[in-house]
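You will see two complexes here that share chain A, one where it goes with chain B and one where it goes with chain C.
Take a look at the complex of A and B:
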């Protein structure tokens, strides 16, 4: 795959993208918080050096918090169904960190497991992912544990990095990405040689929380469905669900019919396994009736069940759940309770 | 030796409490971790410092089942004790079910740098109610702010400005209900948003359904919210919920000269009525 130099500055490159009539989504401060939002002009763009990561992930652009899946009307005893249109405008999601870009290969697996979710995949196909290597980290980041690094391009179509002369360049990761760059010849120029690595990325990798051995973690989980640790690890949880709502890989949803007198809509709404209603049956029975059982589900799903099924971890180490938890339940510390660190040279 | 951990150890050794709820060193430099200590060996991890911003009164509510057999001990600042007063007033717990380890507080911080907004209008460095008191009161170098000053400022704006402000803020809500979950006074076993027959508030996010939720939440806390700020702290989208709560508190104060959480014998205005009430619907 090819590499391209950004000729002028980063803002000009974004200007080029906007002129191609893409809907550009990138980190932007709105009402005091940094989140992925629509960019109206290039002046609003933050360069990859200006932020660590956003409060919420990009999943809402592929799997929205609420999404109509079908509409219906009644006439007498007859029901008429109407399909829902999915936005057709091509999008570019720009400036995702490796921990967010990597979430797509994880979500793609589940959204086509047994059934292909056309809502998710229509958006995926219409969207080009431009990742950006991390130029800083904070105490919550632990991507190396999940096999990533500050400069992992996994999941991206294009990836922005700095070479050792502090100049930004684009790495084409997929053909889809390469085709986009070809439309931006005024802004980019193909590089003939592989750019020299900027030492910054290695430095950041070393600052990140030390790598935990997730193979050992899984072995422990395989044998400890019943363990008093679950109670101990979750007793202070307030079941607020912030962890799941901010997680780039949590994907559980609830299906609800919202019905008026003669019409209605069936919606997919985000849901979270830490809520007691999540598994409550209409009979009143709740198979996960304690916080210990619900927290066990969260950890098992991330580090065991998903690994059993897809050979992947349902976590990218973005640290959002750690930053947001009001009582400081820290999933990295939790996993470290039952798995060793990886020896590093 | 930390005196909170000594007290906790003694309470647990003497079998007087089922657990001690308190704070320990967190995993991040600007956070403390909430811990529920059940054995005296673990008591030594209990600490108190300016990062202990959480209101631990939430752990006294029924869903935590900590007070069923024996009382539970909780480490509390002056502001947190107000929530206990509320829970006693509303018959959620008996005074005897909680052992309050009161701490003299000199202000707390959510980020390790700035004082929490709630501390600027706090007059309760020493809790009003406690079973044992620890800590030293330092002279406060904080300029006291009228608790309603930001509401008064906001009220000066036009109706349109206020409406647009709230619609803009509430649009960010993703309905995770973290605001409800962390609130010690939001203890309903079944919340109105979770009721399906009938469905009072639509579960999806939209301007109108987000507004329904937030108005309902704020109304339900009118005259009950003690201003601990946990809802706002838990909101990862930074919706200024305290402003909404304070507006409710101000309406209650202006009309009934009542402030929540100060007197466990008082009746909250919205839970009481008088035969002399000027509104006849209530008689």
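Take a look at the complex of A and C:
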């Protein structure tokens, strides 16, 4: 794995990126909300020390909140289908935290299982992911529980860290990342030696909420589909779906048609298992007709079902669902109800 | 780019009004190459759509042995089915599929088959029944028990008459008490009760059932009483679906996706699933 020092400051590095004709997506304040947006000039960029995390995740750049999958036009009784073009310009998503970068290796599994969703994978292939280690955390973060850390580069093509001298350097995690750095040779310089770990990352790791034993959590879930706890845990839930929309790994969607007089479009729209209409049959039967059943589905899918199927946890501990929940449901506390903390020395 | 969401265009060739609320469409693919290459197995399903209204999930109700077309039967209950009911012969219907697993046809060779259907639940069974009848010599006895809440709600009436007349099928029909007419010559009583009366033998047999959940529950109990092992009892599940291929996340029962791991399950497999369907 090659490492590269960023020669000048971070903004200059971003300037170099923009000059390569990439669409650069990075954290940016819009109406007071920090989210991933298009960066037009390097002055807009926030360095990794200037934010903890964005309100929404980066999944919308691969799996948009609403996305046309087929277009159609009517001519009398005839119908003509037209394929949808996905933007051809290569993208760089820059400055995403380990909890977002790790979400792609989780989502890749479901989007290619048996049937490959090319809408997702075309974007994946065209996008280079530059992660950035966390230089601070808040009380909602719990990435260590899911096996990550403030400096995990999992899922990133390139990863930005600070060395001991507080200088930013780039770690080439994949070949795709390395090829990008080769084009940025004016901005970076290859390092001969592995940079020394900045103690900052270990310090943050210790500040993050203590690690829960997810193996034990799964064991409890294996045996407690029926448990009165579900009622209790979900009693406050408003079924608003904020948790699912902000989650980097939630991937449920709906397919709906939108139509004008002589044309229309079929769209894939985000959906959420917390909505009561989500599983409603047209017969009136609803397998998940109570909040308790729907909340159980959310927790089970994240910490048991996905693990049963793909051997992965459907959660990266980003804490967004906790920050956004209007009634303070905290999935970390929920899991802690039935699983112990990992003993740390 | 291969677009897994892109439907085939099919055209309605024939419309049959089955019951006051159920219709059957015979669909032919517009693209002759697709029509020729299209293959499926009994038990599989598809996403049928009206452009501008949306998609709906139904099984393929025709037999894979009848080439060149597919059929779907649908009950008029929701947005899409209410739009479908207004279509005429020659109109276009979108189709994605076939999806899901299928009935284990080859494992049924040389066995006695007992089909137990209720209402529109006969649709997936009908695909398999014709599949088996078209390969009749491969199977031993074939028994069909079919019921509906009243005479007017029996689907595929012409075919029921045909099955009744055939010497190589034991055919029983029933309607729920109160659903009979003066002319009714079948049985009166709920399907599980009639099943108890018929008392099929479990030896070298497979029972295949589909119908309303309440009927399936009763039928599973009856078959257990008749000493059918869970592995000898096959059913097909329905859960609300959107994508049909294991992505959209709404048909899952535990780790099982009804759309890719099902819709066909035997009772032993059903017993392993959490009660989330």
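Definition applied: the second predicted complex is superposed on the first by the 345 of 345 C-alpha atoms of A that agree within 3 Å, B and C clash if a C-alpha of one lies under 4 Å from a C-alpha of the other, contacts with A are read in each partner's own complex, and residues count from 1 in each chain.
Note that a contact is a pair of C-beta atoms (placed from the backbone, for glycine too) under 8 Å apart; a residue touches a chain by one contact, two chains touch by 3 or more.
Note that the structure is a prediction, hence the values are computed from the model and not measured.
Superposition of the two structures on chain A shows chain C fitting alongside chain B with no clash.
Chain A is touched at more residues by one of its partners, and among chain B and chain C that partner is C.
Contacts of A:256 after superposition on the shared chain: both chain B and chain C are touched. When the shared chain is aligned, chain C comes close enough to touch A:225, but chain B does not. Of the two partner chains placed by superposition, only chain C is touched by A:283; chain B is not. Once the two complexes are overlaid on the shared chain, A:118 sits against chain C while remaining clear of chain B. In the overlay built on the shared chain, the residue A:316 is in contact with neither chain B nor chain C. By the document's definition of touching, of the two partners only chain C reaches A:83; chain B does not.
Residue contacts after overlaying the shared chain place A:69 against chain C, while chain B stays out of touching range. After superposing the two complexes on their shared chain, the closest approach between C-alpha atoms of chain B and chain C is 6 Å. Residue overlap on chain A between the chain B contacts of one complex and the chain C contacts of the other covers 254, 256. If you check the complex, the residues on chain A that touch chain B are 30-33, 55-56, 65-66, 139-140, 235-236, 238-242, 245-246, 254, 256, 258, 267, 269-270, 272, 277, 322-324, 326-330, 332-333. Remark: chain A residues 69-70, 72, 74, 77-79, 81, 83-84, 86, 110-111, 113-119, 122, 225-226, 251-257, 259, 264, 266, 268, 271, 273, 278-283, 285, 287-288, 293, 297, 300-301, 304-306, 308-309 touch chain C in the complex. Every residue of chain B that touches chain A in the complex is listed here, in rising order: 21, 26-29, 31-36, 54, 58-59, 168-169, 172, 174-178, 181-182, 194, 199, 202-206, 230, 233-234, 236-238.
Looking at the complex, you find that chain C touches chain A at residues 1-7, 9, 49, 51-55, 75, 77-78, 81, 90-92, 94, 213, 238-240, 242-243, 245-250, 252-255, 260, 274-277.
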